[in-house]
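Let me give you the structure first, and then I'll get to my questions.
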Amino acid sequence: MTLFQFLATTAFYAAMLGILIAAALCVTVRNLFHSAVFLAFTLIGIAMLYFFLQAEFIAAMQILLYVGAIMTLIVFAVMLTSRMGNPAVPQSFKNKKIVFLPLGLVGFILISAILKTPWETSEPQTAVNAVTLGKALMNQYVFPFEVVSLVLLVALIGAIVIARSE
Amino acid sequence: MLNTIDQIFIKAKQIILDILSPFLPEWMMILISIFIVIVTLCVFGPVVMMYLTLLERKFIGRMQNRYGPNRCGIFGLLQPLSDGIKMFTKEDIVPQKADPFAHFLGPITVIIPSLLVFSVIPFGRNMIPSDLSIGILFFFAVASTSTLWIFTAAWGSRNKFSLLGGMRAVAQMVSYEIPMLLSIVPALLVVGSFSTVAIVNAQEGLQWFVFTPWGLVGFILFFLTGVAEVNRCPFDLPEGESEIIAGFHTEYSGMKFALFYMAEYMNAFSVSALVTTVYLGGWQGPILPSWLWFFAKTFVLISIMMWFRGTFPRMRVDQLMGFAWRGLLPLAFINLLAAALWVHLSFPLNDILSFCILTVSVLMIYVANRKVAPKKRIYKYAYE
Amino acid sequence: MHIPIDHILVFTSILFLIGLYGALSRRNAVGILISIEIMLNAVNVNFIAFSRSFASSPESGQIFVMFAIVLAAATAAVGLAIVLNIYRNQKTIYTDEIHLLKW
C-alpha cells in the first residue's frame, strides 16, 4: 500500500467518524439552529465521501443543492418559527426510551443482513464523469428525468401556494 | 527567454524540490510538493486582500479629489500592515445575548470557501493548483456555501440589524446565483468540459469568448451577478451602512471583523479571476508572460468594481430583486439559446443570427421592464 | 484506495438509524424534517457505494442519487411550506400540540 492510499483510507474513515458525530449532535442538540448547522456539516462530510468514491459531479451537486439551497430553506424555517428570546423549550418527547425499541429492531435487521450477505464486488472499468452522466440521463433515463422536472415544477407551485399569506 | 519568464513560478517550485530531493524520501517529496502549493495559496490570498484594500482606498480617494492613504511608507504601501496590527490588537467583543457557538463559527467558516476556490483558478500556463474535472462546478458549489455561514454569523449576533443584513444577504445571493450559473452554461456548451484549464485552452490565440455575441452578453451577465454575489457596490445591501449599520457584521470587532473583510476582498478577486478565465481568455495573450496577462485582466475587472463603488448609488431592495428576476434571468436563458444556435450553425450565419436574437431580446426586456409613469393629467375644464 | 463495501453499508445504516432516532424523538416539525434529510443522505451514500463496487452500469447509481437529491429539495420546499402554514394558523410547530385532526 502506498502512502497515498494509506492517507486516503485514513481520511475516508475519519470522514465517516466525523459525519456520525455531526449527525448525532444534529439530532440531539436542543437549539434548532445549532442542529441545522450540524446538518450542514453532515452534508459537507457526505460530499467529501462522494469525492473519495470518485463521484465528483454528485459531490458538487450535493454541496450546491443541499448546502446552498436546502439548508437555506431550513435555516429560514427555523428562523421564522422559533420564538426568539424565550428560553429553549424541550425539543424531544418525554418518553424517549421507547424510541429505542423500533430503532434496535431496524438496526439489528439491517446490520445482520449486511454482514450475512456475501458481497461479490468488482471494480468498474470506466470512470463516470459528467459526460457519461449526461449521456445516460438523455438516453436511458430520459423519462424519469422529465418526470422529476415535472415533480419539481409541481413542488414549486405547491410551496408557493401553501406558504403564501392571503 | 520568454518561455523561462512564463514558467518562472513552476521553475522556482522545481528548484526547491531539487534542492530537497537528495535528503528526503520519495513520499516526503510528494507531500512537500503539495505543501508548497497550499502555503503559496494561503499566503497569496491575504496578501492580495491587503493590497486590494490599499488600491481601493487610493482609487476612491482619487475619484473624490483627495489622495488616499499616503503616510505609512512610500505611497502608503505599509498602510495594510498597520491596519492588520490594529485589527489584531483590538478587543474581541462578544455581545452578552449572542449565541456564542454561531457567533464564533460565522467568521471562521466564511473565510474557508474563499480560500478553497483559489484551488481551481488557472493563474498561468501550467499554473493551476489542482485541475479538477469539475473545476467550474467546484467553484460555484464552494462559493454557494458562504450564504449559510453569513446567515449563521447574522443569527448568532442576536441583533436586529445583523438579522436584517443576513436576510438580505440570503435573498440576494440565492437570487443572483441562478443567473450566475446560467450565464456560464453557454461557455460550457461550447467547450464541452467543466475543467477551467480546458476552457482557457479553448480560447487560444485571441479567440476569447467575449468577442462573440453570446460571449459579450454572458460576460456582462456573469460580471454583474458576480459583483452582486460578493456583496459589492451597487449591490451591497447586506451591509448598507446608511440603513442597517453594518449588516451581518455589526456585532463583530477585531480579528473576527477582519476575517469578514478578508473574505469579501478575496471573493472579489476570485470572482474577477473566474470571469477572466471563462470569458476573457484566462492567461491567453500575445508576447507577455501568461501570468502577467491573467493578473492584468483580473485587476482591470477589480478596478471596474471599484469604479462602480465610487460612482453608483446603492440599489433599493425591490430594484435589486427585480433586476435579477426580470432582467438578468430571461436574458441568461435567451443567451443559452443564442449560444446553442451559434454552435450549431456555420460561420457568417451564426454570428449574425445570435447577434440579432440577443439585440432584439435585450430591447424587449428593456421595454417590458420600463417604468410606466402615468401621464400627467391635464384638467381641461377645471379652471373654466 | 479500496474500502470494503460492508464497511460503507454498516456506516450508512448507523447514519440512517441516527436519522430515524431524530425523526421519532423530535417534537419540533422542522427538527423532524432535518432528521429526514439525514436519512435520505444515508441512502444516497449507499447508491454511490454500490455504483463504485459493481461493474454493470456504474452511472445508474449516480443518476438515482441525482433524482434523490432533487426529490429531497422538493420535499424540503413543500414540507417547510406546510410547517410555516401550520405555524401561522396554530402558533405552534410542536407535533404533540397539533391535534386538529384528533377529534
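Points worth noting:
Order of writing sets the chain letters: A, B and C. Residues in each chain are counted from 1.
One rule holds in what follows: a residue touches a chain if its C-beta (ideal position, glycine included) is under 8 Å from a C-beta of that chain, and two chains touch if they have at least 3 such contacts.
Since the structure is predicted, the reported quantities are computational estimates derived from the model, not experimental observations.
Think of each touching pair as a link: the shortest run of links from chain A to chain C has 1 of them. Ranking every chain by how far its Cα centroid lies from the centroid of chain C, the top place goes to B. For the pair chain A and chain C, the distance between C-alpha centroids works out to 6 Å. Between chain B and chain C, the centres computed from C-alpha atoms are 34 Å apart.
Centre-to-centre separation between chain A and chain B, using Cα means, comes to 29 Å.
Residue numbers of chain A whose C-beta contacts span two or more other chains: 57, 61, 69, 76.
Across the complex, chain A meets chain B through its residues 2-4, 31, 33-34, 37, 40, 44, 56-57, 59-61, 63-64, 67-69, 71-72, 75-76, 79, 129-131. Per the touch definition, chain A reaches chain C in the complex via residues 5, 8-9, 12, 16, 19-20, 23-24, 26-28, 32, 35-36, 39, 42-43, 46, 49-50, 52-55, 57-58, 61-62, 65-66, 69-70, 73-74, 76-78, 80-81, 89-93, 96, 99-100, 102-103, 106-107, 110-111, 114-115, 119, 121-126, 128, 132-133, 136-137, 141, 144, 148, 151-152, 154-156, 158-160, 162-163, 165.
On the side of chain B, the complex with chain A involves touching residues 27, 30, 99, 101-102, 105, 132-134, 137-138, 140-142, 144-145, 147-148, 151-152, 155, 163, 170, 174, 177, 192, 194. Partner chain A is touched in their complex by these residues of chain C: 1, 3, 5-6, 9-11, 13-22, 24-28, 30-31, 33-35, 37-38, 41, 44-45, 48-49, 51-55, 58-60, 62-63, 65-67, 69-78, 80-85, 87-88, 93-94, 96.
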